[in-house]
Structures are given as structure tokens and as C-alpha cells.
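What follows is a pair of complexes built around subunit A, which joins subunit B in one and subunit C in the other.
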Partner chain A sequence: MNLLSDFCFPASVAVIGVSADTSAFGTLYLGALLKFGFKGKLYPVNRRGGSVLGMSVYSSLEGVPGDVDLAVISVPGRAVVGTLEDCLKKGIKTAIVLSAGFGETDIEGKKLEEELAMVVAKGIRVIGPNCHGVYCPRSGMTLVPGSNFPRESGPVALISQSGGFAEMIVLQSRGIGIRYSKVISYGNAVDVGESDFLEALAEDADTKIIMAYVEGVKDGRRFLEVVRRTSKVKPVLIWKAGLTDMGRRAAGSHTGSLAGSKFLWDTFFAQSGAVQIGSTDDLIDTALAFLNLPPRIGRRVALVTGSGGAGVIGSDACERLNLSMPTLSAEAQHRISSLLPSIGTSVRNPVDLATPRPRTSVLTGVLEAVAASDEIDIIVLGRMFLSSKGPELVLGLKNRPEEYREDLLEIPLTIRQQFGKPIVVVLSEEVTDREMIDFEADRRSVRDFYLSHGIPVYPTLERAVSALANVVRYRERFDHTSVAL
Partner chain B sequence: MIMNNIQTAEVNFTPGRLLTEIESKALLKRIGIPVVETLLAKSKAEAVEISRRLHFPVVMKVVSPDISHKSDIGGVKLGLRTSKQVESAYDEMLAIVRLKCPEANVEGISVQKMAPRGLEVIIGMARDKQFGRFLMFGLGGILVELLRDVSFGIVPLEREDAQRMIRGIKGYPLLNGFRGHEIVDLPALEEMLLRVSEFVDQHPEISEIDINPIFAYRDGAIAVDARVILSES
Partner chain C sequence: MNLLSDFCFPASVAVIGVSADTSAFGTLYLGALLKFGFKGKLYPVNRRGGSVLGMSVYSSLEGVPGDVDLAVISVPGRAVVGTLEDCLKKGIKTAIVLSAGFGETDIEGKKLEEELAMVVAKGIRVIGPNCHGVYCPRSGMTLVPGSNFPRESGPVALISQSGGFAEMIVLQSRGIGIRYSKVISYGNAVDVGESDFLEALAEDADTKIIMAYVEGVKDGRRFLEVVRRTSKVKPVLIWKAGLTDMGRRAAGSHTGSLAGSKFLWDTFFAQSGAVQIGSTDDLIDTALAFLNLPPRIGRRVALVTGSGGAGVIGSDACERLNLSMPTLSAEAQHRISSLLPSIGTSVRNPVDLATPRPRTSVLTGVLEAVAASDEIDIIVLGRMFLSSKGPELVLGLKNRPEEYREDLLEIPLTIRQQFGKPIVVVLSEEVTDREMIDFEADRRSVRDFYLSHGIPVYPTLERAVSALANVVRYRERFDHTSVAL
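Let's turn to the complex of A and B:
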């Protein structure tokens, strides 16, 4: 069997446990599949029969005509084992159990989970229990509630023990253009779990980057071996949650997981080469950097900013994360100082232009000098208004000379093209008032412009540097000249 | 190098047992880890005979499953250079045990050659519920207790993991020529880590290993003391 095709590309799905109550989980799931546009056959099942969401409901699995590839089960926890037995009778080989009330609860629940494991052993593969399903735009499968997820596919896969977290990541990353090949919410992992999915995703041609949100693993040693192997082929970004005392307790009652000790998880990351992720932002930021930066990338950063403070903050961030900021060559410094006033600026690296809105010729000249320097691998552009509207809206600068009114938007693209050096752009959330939403709209269109041209954009220097450092560390360890992302 | 069957006449494999230093070293030796050879003397004459065979100076230790901190009660004598010193040490040690731990069952006195002092490091192995067996590496002696300067690796180790563990401790410069310190034989230490990893990976009957200290030299490294605990079942 092939794990991913069986769970993500079923030709027919029975949704067991739909109900007349449209807020019930099973019904929400059916609704999400219908709305999202699942391409295969759908069979709602409930022993009371009737109809739901305009579909007639089968009163038993037995009564469903033809084969069923996948059963999605949303009956009460106690009824799950019996439902799986019915699936076995019907010849169903794969099931997703959405229902909760197992190992994450009490002794009774743990017993129920053991019974579940015994049914699994009879020949049915199960994702869950206590999960939200899988999302795969190509086949039209989606999580619940995930009817509004993007329809387009992308190169990122996400596996998550938490269904709610998976939804949040998909939604938060949609605005910055991250698209998914597969998202799998796998809950308590009574049968297939993190290592099985990673093994399959390592081979999946549609997946170039893997994200994982993990609370605990069943077999740490196997996980280490799988992640180590997978990391050699594609980046694996892992957020291991639940490493504090409170977090550990929460993981126990959320997915019944044994969260484990921090020092061994740190060892796991050092040994496997997985990218260690520490927050939601970090996960999305790092994926964005992997998607948009070339596979060959060095750690020598040039920081070009419109404010001295940004230069200091960015320098701190680089040093903390072990990126280097070499002093620019005398030649580059000379070229830059010929473009800038001598007071209030700095030309060594960080390069401080002392204004967030430099003249076109100044920004072009400075970036050319920096990009031409052999001692620099990557340019980070911080605190700068790159559209003409931004400074008007934020700084109230109107009726400025012609030269200040042009967009600077294209300059980073031209420089990158001309010198072949990657550029990261930081667009600060300068104002957060509701009244200044126009600026935010402008900032987002600038962001979208760069993202559509493959330039990663971050809201702060710290986040930019931290994502960059994750990519650099991974690329230095696994030099894939043959693997193009 | 590693025997599939570690059962040997030299070691009593009762589950849950804490092996003696002599047994622990016999086991390590069989998996290719250099150890300071240690033999059991059951009489004063035997102690002298062994000392002559191993060459002076020697170290003598009380062997008893009931005494865990031998040096605290005077159950360890270092730097014995003559047969006479060995004889009187033998008597003194038995006397002090009789006085301080009258209940203890004494199997004899172990005799080993006093190894030339090297840089002290340790290698340990324990078990975790999630990851299974893992190894620890650190500086030995007082530093490990005081500074907890240790690094970890999950079994099975690859060579790069062993290298990372050794380079991962804060005291690494001490191993690598800091301020006139001798540069120690890092590949020999890597090899020890790899052998322990491979060994415990194939032998679930081993529960814990503590090799402390190991003397690391410019050329080679040797296990000076070791304790192995067998699994309960």
C-alpha cells in the first residue's frame, strides 16, 4: 500500500457519523468536503438514515453500494471500535478517526485506545483518533473546518498532532503564498504516525519541504533515523512542543503524548539535522525562506537599513544566531560614502542610509556596491519605504521633489538579477492604528509584489534573520548541489 | 569486534546485577575498549604475585557488592610501589572494612597497574522512555560533578555524532591543546563512543554503563574504572 495515496487520494469516502445537527463534527466534515470540492464519491452514513446537506444518508455501511476506499469516522468514542469492525467487514482498508475520547482522557479512554489498536491489527490502517483529517488540494480532500482552504497545491507538506494548529498554519501562511501538497492532522497516532508520514513524504515528488508539529513520538529511535534520512533529501522543520512542565502536562491531555526530556530532544535535533522550530512565526518564516532562497547560500550578511537602530538590532540578531556581518571592503565603503552624507550614516556594515526613503540613485548605488562585494552572500534590506505611498501615509511627506516620488520597488529585483545575490526584505508594520489601515494595505501589496518575485519578506529584522539562520544552518550541513528546490 | 554472545565465564549475568569493576572491564575489553587490566586477589600472596606480574606501581581496591563508595572508607590505595607496600595495604584495607562495614561481604582485593595520569573524561550510557539508549560524554573528575559539562548522543551513533559529542562540551579546548594542555587522541575517544553505542544497541541486557574515569593521552585512551548494570529482565 501507499500511505499517501490511500489517505489523500481515495476515489470514494464514507463519512460515518453524520447527523441532522449541522454543527456536529461529522456533518461539518461532510460539508467541508462538499464545499471544497472533493472529486470522488461521497457516502454519508448514520444508522438513523434520512438526509443531510441534500444527500441521502445510508443507514449502514453494508448498504453502501460499491467499494469504499476510505472511511472517515465521527461517531462517539465508545462506538469507534464497532464501526471499525464494520469497515473490516465491508473490506475497507483505510480509515480516519476524527472522534476523541481516547488516550488523551482517562484510564477508560486509554483502554479504548488499546482496543482500537487491536482492531487495527486485524488489517485496517488508521489515522487518528482525535484528529481533523487530511488536506490535499489535488484530490479535494480537506480538514474540518477547511472548506475555505486554498485550492492550489504547493510544495510544502505539514504533519500535525493538533488539528486546530494545522488549520491555523494553513490559514496564516496563505496570505504569504505558502501552498501545500498535503496536510495531515494525525492526533493520537494509534496506528500510522509521524515516522510513517515522514518516510512517505520523503519520497513524495509533490513535497519539497516538510513541516511537523509534534507533541510526542511513539518510537524516538525510529523517528531519529527517519528524520535523519529525510533531512538529507529535503528540509524537515520540526516544532517539538511540550518541553516545559506545563507544556508536558498539556500534551498529555491533548494527544495523550509522552513529551519527553528537553536535553534529549536537543540532542535529537543536533543528530538528525532537522530544523528546530520554536514558534508559529518561526515555522512559517522558515518555510518562506526555504521556498524563496537559493539552495546555495552563505552566512555572510550585509545589512542595509534606513535607520541606525535597525542596523544595531539586525547586527545583534545576526551575531546571536551565528551569521556573520563582515566589514565591507575599502572599495565598497568608498563607493557608498560617495553617495551618502557623511554625518548620521554608516558605510561599514550595517550600512545606514539614515533615511527610510532614500533617493532612487542612492539606493541603487549602495545596493550595487554591496552586491558587488565578494565578502557578502546575502543582503537584508531593513526599515525602508519601497513604495511611493508609504512615506506619504506614515511620515506625512507630500509634495516632495519628483525624485522622491518614484517607487523604489523594482530596485531589489534588478540588483538580485544583476549580481545573483539573494535579497531579503523587511517591511515593518509601521502603524497599527485602525485609522491607518491604508498604510497596512499598501505594505501588503508591496509584500505581495516581492513574494510573487521570490523575495522573502518579513515584518521584523529579528524574524528575517532567524529564518535566514535556519536556512543557512541546514544548507551548510546538507550541501545539495543536485537537489533544486 | 563485538561478540554476539557476551556470556563469558568471567561475568555473572544475573538480571539487574551491578557488575564488579573486574567484570565490567572484562566486558569492555571484549568489545575492544582499552581497559587497565584488573585482577582479583584472594590472599596477600596473590596480591603480591599479581602486582609483580602487572608491574609496580599498582592500585588496590576492596571488592564488595555492599560497598559502593570504596574510597570514602579507605577501601582504595594508590601508588603502591613495592611488595611490602602491597602486603601492608592488603591488611589495612581488610581491617578498615571490618571496622567500618562489618556486615559487608568482601570478595577480595582488586589489583591493577597504576595508569599514568591523563586528561580525565567519562562516557556513560542510560535509557530514556522515548528515545531508548543514549550516551553521555563529559570531562571527568570533579568537573563533571561541579559543572555538569556533558553532551549527549542517541544510539545508534554515527561517527559524526561522536565527533559532535566530543566537540560539544564547553571544556573541549582542554582536549584540544588549550594553554599548553596536551592535545589528546580524539579519534580514540570517538572510537570508544562508537563501540559502546554499537555494543548496547545489540545488547538489551545492558541497562547502564558508567566508564569513569577514562584517561585520555596524546596517543590513545584507556578506561581506568567502569561500572555496568544489567537490565532487570
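Let's turn to the complex of A and C:
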């Protein structure tokens, strides 16, 4: 079998356990597939027959005409084993079990999960139980609820033990243009699990970056081996939840996972080369950096800011994450000095322009001097208003000439093109007043402008530096500049 | 002298160093005071005379009729000492020196700062140099640029070595309703400094919480003593920047500060009782928690979420920050079980409702059971849509009945009132697509609804838990339930 094509590109799907109750999970699943636009054949099944969402319901799997590639099962937990037996009879070799009520509950549930494992051994591969499905824009498969997920594919794959998080991560990253090849919510992983998916995704040509939200793994030794091998060919971003006692306990009642000790996981991250992730923001931030920064990237940062305080906290953040901030050469300092007032500014690195809204000629000249410096690998541009609307709204600077807008916006692009130095932009979410939603709308326009040109954008300096450090650390370990992202 | 009344409530201010160039700092300062609505007398001074912003300019301090309470000086660095001598002649006893070019620059600047200190010794108190002024809504004083700061006062005071950060913190906290009694940007602190302000703010009846952004302190021993004393009467939130080598270097060229070693500062935080802050978000989040949570608050958290993953990461966050999450009593678990489907949910704590949009009766019943539990001090409500517009926009749930909206929104208020247990709400900034700005507008409405009822709101579980932990740690150390916030 080919794991990804079997689960993500079925030509026909039987949805078993639909019901007249439109809030039933199976019916929500069927509705999501219909609305999202699944391209293959769909067979709703319920032993009571009838019709659901305008489709005729088959009263048994047996009655379904023709072959079924994949069964998606949403019957009560106790009925899952029998349903899988029916699938075997029908010749179905792959199933996604949405139903919950297994190892994450009580002794009875754990017993039920063991029975499920025994059916699997008879020749059917299973994702789940206790999961939300698979999202694959190319085939039109989607999660529940995921009918409004992006239709376009992208280079990121996500595997998640939590269905809710799978959904949240896709939605939260949608706004910044991150698109997915495959997203797999895999729940309790009675059969196919984290290591299987990673092995398959390592070889998946549509996937350049792999994200994983993991509560526990079934076979730690194998997982380490697979992550180690996979990390050599593409970045594997792993968010391991349940690293504390209370988190472990919660993971037990969520996906029935044995979460493992922190010590074990520290060793795992040190040995495997996986990028360790600490939160949803961190996961998405890091993916954005991998997607937009060139394969060859060094740790020597120049920080150009509109505020001296930002220079100080940015320097703190860089050092904590082991990035360096070399003092600029005398020549670069001299060039920058000639552009800035001698007082209130700094020119060594961080470079403090002492205004969040510098003149076009000043920003251009400073960035040219910094980008021309051999001692610098990357420029981080922090606490600056690059559109004219932002400062108008925040500072009441209504009299600035209109041409400011396009000029400042384009400068980072021009510098990057001219000097080949990557740039990261920080656009602060400074103003969150309900009535100043225009500021946020403008911030998003500016953000999207840079994102569309491959410049990563972050809401805080700390998050920018953290994402950058994740990429640098990975690139230094696996120097595979040949892998194009 | 009374430091705060002298600097924040002058009856008359001379702005020395205004200029015909409207982008000159002195002129910006004058403009900000005019626009913000300073209530006292204003005397612009420049030796060339003329007029600025519709006001006649005095060609010398001597020529100003009547007394001047406060001089705000924005002349070039070399001219500051002479200007202060003029102030002394005029009988002015307080001055704010906005001008930069002192200890933060080179040997010459450091020498200039020493000269400045010598004039101070002759009998004038000075804030600055290298600062942005003072913001005090009650008197109509403001920072540069701060003409659009809130006109209302509030219970928070901020002292900041960085003028840019002072501005940014006021703006960023404005949206969530944090209001200030006094904000003081104090730059290089040649005379009045962090310890003086804290001593004064400790006794300021208008100030209930003190925030400080500090790069370096002049007298560590005194600072420790003052913070220790102040912390006993009100929370002191200290963001110490420049804790790394690179950060220290940056602080040197920003405010000429000797930033001190990390070890020293670890000891300081352990001994002083100050709340240690790590970022702008952390500062604002923590202030919000202090403002809205009752003085008596324990560390036993119940986490009620709409997603099992959120339960796991919330548990991790609580344990890392030393909050506890007791398993709910058998009785509470039983009550909750009776309300939730037995599968896919968790009832022990975290309580996982397995849907971000529970029914009114379910959320009410669950929160009642949790709030009635003696083993719980506070409820954190995570990953849930409490308005109906949110899920409509995110999940496409257009068919939900209209009455859902008011019901869910009010539930946390009712529970808090009924059981006296504080509640913290997490409203995720899940959707950031440019064209889905409506989601953010709705999120802000819901946020403001809770904030207006004294329920703190955070964008992520991690930030909620972190702010809560800061408050709990402080309250456990200083059990002054008599201090009303």
C-alpha cells in the first residue's frame, strides 16, 4: 500500500454512521466533504437507510454498488469493530475511524481498542480512532469541521493527534498564506501512527516541511530513527505536548497517550534534529521562516529598529537563542552615521534610527550599508511603520506626503534583491482598540504585501528572532543547500 | 519638593528649544501638549523669537512674564547646561531634558552628562536627558508623540527608560482599557531616577500598580530596598532589559546604562518581590490580571476548554508556572459527566467539552459544577467561541439560532457572580486573513464586553496562564487582601 495515496486520494469513500441528526459527527463529516468538493464517489451508509443532505443512504456496506477505497466510520465505539469486519468483507483496505470512546476513556475503552487492533491485523489499515479525518486540497478531502479550509495546496504537511488543533492550525496559518499538502488528524493511532506518516511524508514530493503535534508516541525508538532520517531531507517541526506531569495526565484522557518524561524528550530533540516547537504561534512562525528564508542562512543578525528599546530587547532575544549580532564594520558605521542625527541614534548594531517612521532616503541608505556588510547574514527590521496609514492612525501624522507609502514599502524588497541578503520584517499589532480596526486592516495589507514577496513578517521582535533561530539551528545541522523549498 | 506633583502637575511650562521646523522635537512636544490639552500656561522659548504653532515665542527665559514651574528643554546637547543655568536664574526648580547626546554616546557625551549633574547640584531637579517627557491625563501633560493618548486617568503608573517603549506600551494597552495615572519616560536618569519615582509612586493614591521598563539602575542597593518596600503596598512589575551581553551592549548605546549581570538580577527578583516581566505582551497581560482579579486568589486552576489539545497544553503551562490543577471531586465529575457525551470529552480537569461551541445548558452546567468545587480557586475558559458570529465566520455555522449569542456571552458573568469564583477567558486570534477582518472586529467586541465586566481576556492559553501565575505568586508573597485594586 501507499499510505498517503490510500488515505488522501481515495476514488470512493463510504461514510458509515451518517444520521438524520445534522449535528451528528458522521453527518457533519459528509456535509464537509460535499461542501469542500470531494472529487470521488461518496456513499453514505446507515442501517436505517433513508436520505441525508440530499443523498440516498445505503442501509448496508454490502449494498453499496462497486468498490470502496476508503471507509470513514462514525458509528458508536462498540459498533466499530463490527463495522470494520463488514469493511473487510467488502474488500475495503483502508478506514478512518472518527468514533471516540477507546483508549482515552476507561478500562472498557482500552479493551475495545485492543479488539480494534486485532481486526486491523486481519488486513485493514486504520487511522484513528478518536480523530477528525484527513485534509488534502488536491483530492478534496477535508477534516471536520473544515469545509472552509483553503482549496489550494501548499508545501506543508501537518500530522496532529488533536483534531481540534489540526483545524486551529490550518485556520490560524491560512491568513499568512501557509498552505498544506496533507493534514492528518490521527487521534489514538491504534494502527497507523506518527512514525508511519513521517516516513511517508519524507518521500512525498508535495511536502517540503512537516509539522507534528504529538502527545505520545507508540514506539519511541522507531520514532527517533524516523525523525532522524526525515530531518536530513526536510525540516520536521515537532510540538510535543504533555511534557509536564499535569500535561501527561491530560494527554492520557485526551488521546490515551503515554506521554513520556521530559528527560526522554530532551534527549530525543538533541539527537533527532527535529525542530522543537512550544506553541501554536511558534509552530506557524517557524514554518513561515522555513518557507521564506533561503536554504543558506547564517546566524549573524543585523537589527535595524525605530526605537532604542527595541534594539535592547532584540539583542537580548538574539543572544538567548544563540544568534550573533556582530558590531558593524567601521565603514558601515561611518556610512550610517552620515545619514542619522548623531544624537539619539545608535549605529553599531543594533542600529537605532530613533524614529519608527524614517525618511525614505535614510531607511534606504541605512539598509544598503547594513546589507553590504560581509559580517551580516540577515537583517531584522523591527518596530517601524512601513505604510503611511499606520502612523497616521497611531500617531496622528496626517500631514506626511502621500509618496511615503510606496517608497518605504518597497525598500526592503529592493535591498534584498540588490544585495541578496534576506530580510525579516516585524509589524507590531500595536493598536487593538475596537474602533481602530482600520489599523489592523492596514497592518494586514502591509503584511500580505511582504508575504507575497517572500519576506516573512512577525508581530513581535521576540517571535521573529525565535523563528529565525529555529531555522538557523536546523540549517547549521543539516547543510543541505541542495534542497529547494 | 513633591516629585510627582512638581513634574506632573505644573501650573506653567516653558518649552525651550521650539523651532520653525515643525518636525523639531521641541516643536513636536509643544504641539503634543497643545493638542492633548495641557491645562496650565505654556511659554515657547527660542532665542530667535517669532511664532510657532500660532503662539508667540519668547526670545529668552528671562523675558517670560511670571513664574515658570517646569522647563522642558529640547536644545542641542551642548547648550543644555547653559539653559539649566538660565532656569536657575529664573527660579525654576524642575526641568525635563528631552535632548540626547549625553552618556549614551561617546566620551564627550559622558563628560557633558557629568557637567549636567553638576548643575543639578545647584538646586534644580531634572528628568532625563534623552527622554520623551511625562504623560499625566489629569494635568494634560503628555509624551512625544502622545497627542492621541487617552484623556482618562487610570490606576497604572509606568516608568520607562525608553521613550519609544513608553509610547508603545500606552498605545498597546489602550485597546484593552488599561489607563494610566502617570507615565514617565526618564532616559539616562542623570538626577531623578527609577528609585525616586518608585518611592513617590508607592505613596501615590492614584496609582495601584507600577510598571517599569528598566535598562540599568544607578544604585542597585537602594533600588532593591525601594522595590522591596514598594512591593509590600502595591505590585511592581519590572521588565529588566539588557540581561544578556548583547542586550547590555545595546543598553549602553541606548541610555548609557550599566545593565548589570543576569545573576545579580536573578537575586534582585528573588529578594525584592517585584514581578519579573519578559516582554511588552507579558507586561500588559500581567497588569490586566492584577487589575481584574480579586486580591485573594489561589493557585488551584480549573481549565475548561473546547478542545482536548488545549487541555493538554494548558496543563503543561500551568505546571511549568507552578499553578496546580486538582482533579475535580467525584461529585463534580459526576455532574459534568451527566452533561457531556461520554466519549470524546474529559471531566477530571482539564474539562474538555470537545466542541468550541457548546450548548448554553452544557456550558452553564459544567461551569456551575466546576465553580461549586471547593478544590478550585479560579476558572480558565479556553478555546471556545462565546459569540455566535465567531463560529459563523470561522466554521461556516450559519444555521445556529440567534439566541445562542447572548446566552453564551453572559454565562461566565453569571457564574462568577453566583459562586464568587474569578474567571479568565481566552479568545483566540484564530483568523488573521486580511479579508476576514470581521472576525477580529467581533473578537474585540466580545473582549470588550468581558473587560467591561472585569473579566480579563487573553489571546492564548499560555499568555493567560502566565499572567495569572504572576498574580498568584505576588499575592502569595504579600498577603495584603486589605489593598483594594
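Convention: the second predicted complex is superposed on the first by the 477 of 485 C-alpha atoms of A that agree within 3 Å, B and C clash if a C-alpha of one lies under 4 Å from a C-alpha of the other, contacts with A are read in each partner's own complex, and residues count from 1 in each chain.
Just so we're on the same page, a contact is a pair of C-beta atoms (placed from the backbone, for glycine too) under 8 Å apart; a residue touches a chain by one contact, two chains touch by 3 or more.
For clarity, every value in this text was computed on a predicted model and none was experimentally measured.
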item: Which of subunit B and subunit C A:271 touches, first, second, both or neither; value: first
item: Which superposed partner A:86 touches (first subunit B, second subunit C, both, neither); value: neither
item: Subunit B versus subunit C, judged by how many residues of subunit A each one touches; value: C
item: First, second, both or neither for A:224, with subunit B first and subunit C second; value: first
item: On subunit A, positions contacted by subunit B and by subunit C; value: none
item: Subunit C residues within the subunit A interface of the complex; value: 35, 76-77, 99-101, 104-105, 130, 145, 147-148, 160-162, 164-165, 168, 171-172, 174-176, 213, 215, 241-247, 249-251, 253-255, 279-281, 306-316, 318-320, 324-325, 342-344, 346, 348, 350, 352, 354, 356, 383, 394-397, 428-434, 436-437, 440-441, 444-445, 447-448, 460, 462
item: In the complex with subunit A, residue positions of subunit B that touch it; value: 128-132, 134, 151-155, 161, 164, 168
item: Residue ranges of subunit A touching subunit B (in the complex, touch as defined); value: 216-217, 220-221, 224, 258, 260-261, 263-264, 266-268, 270-271
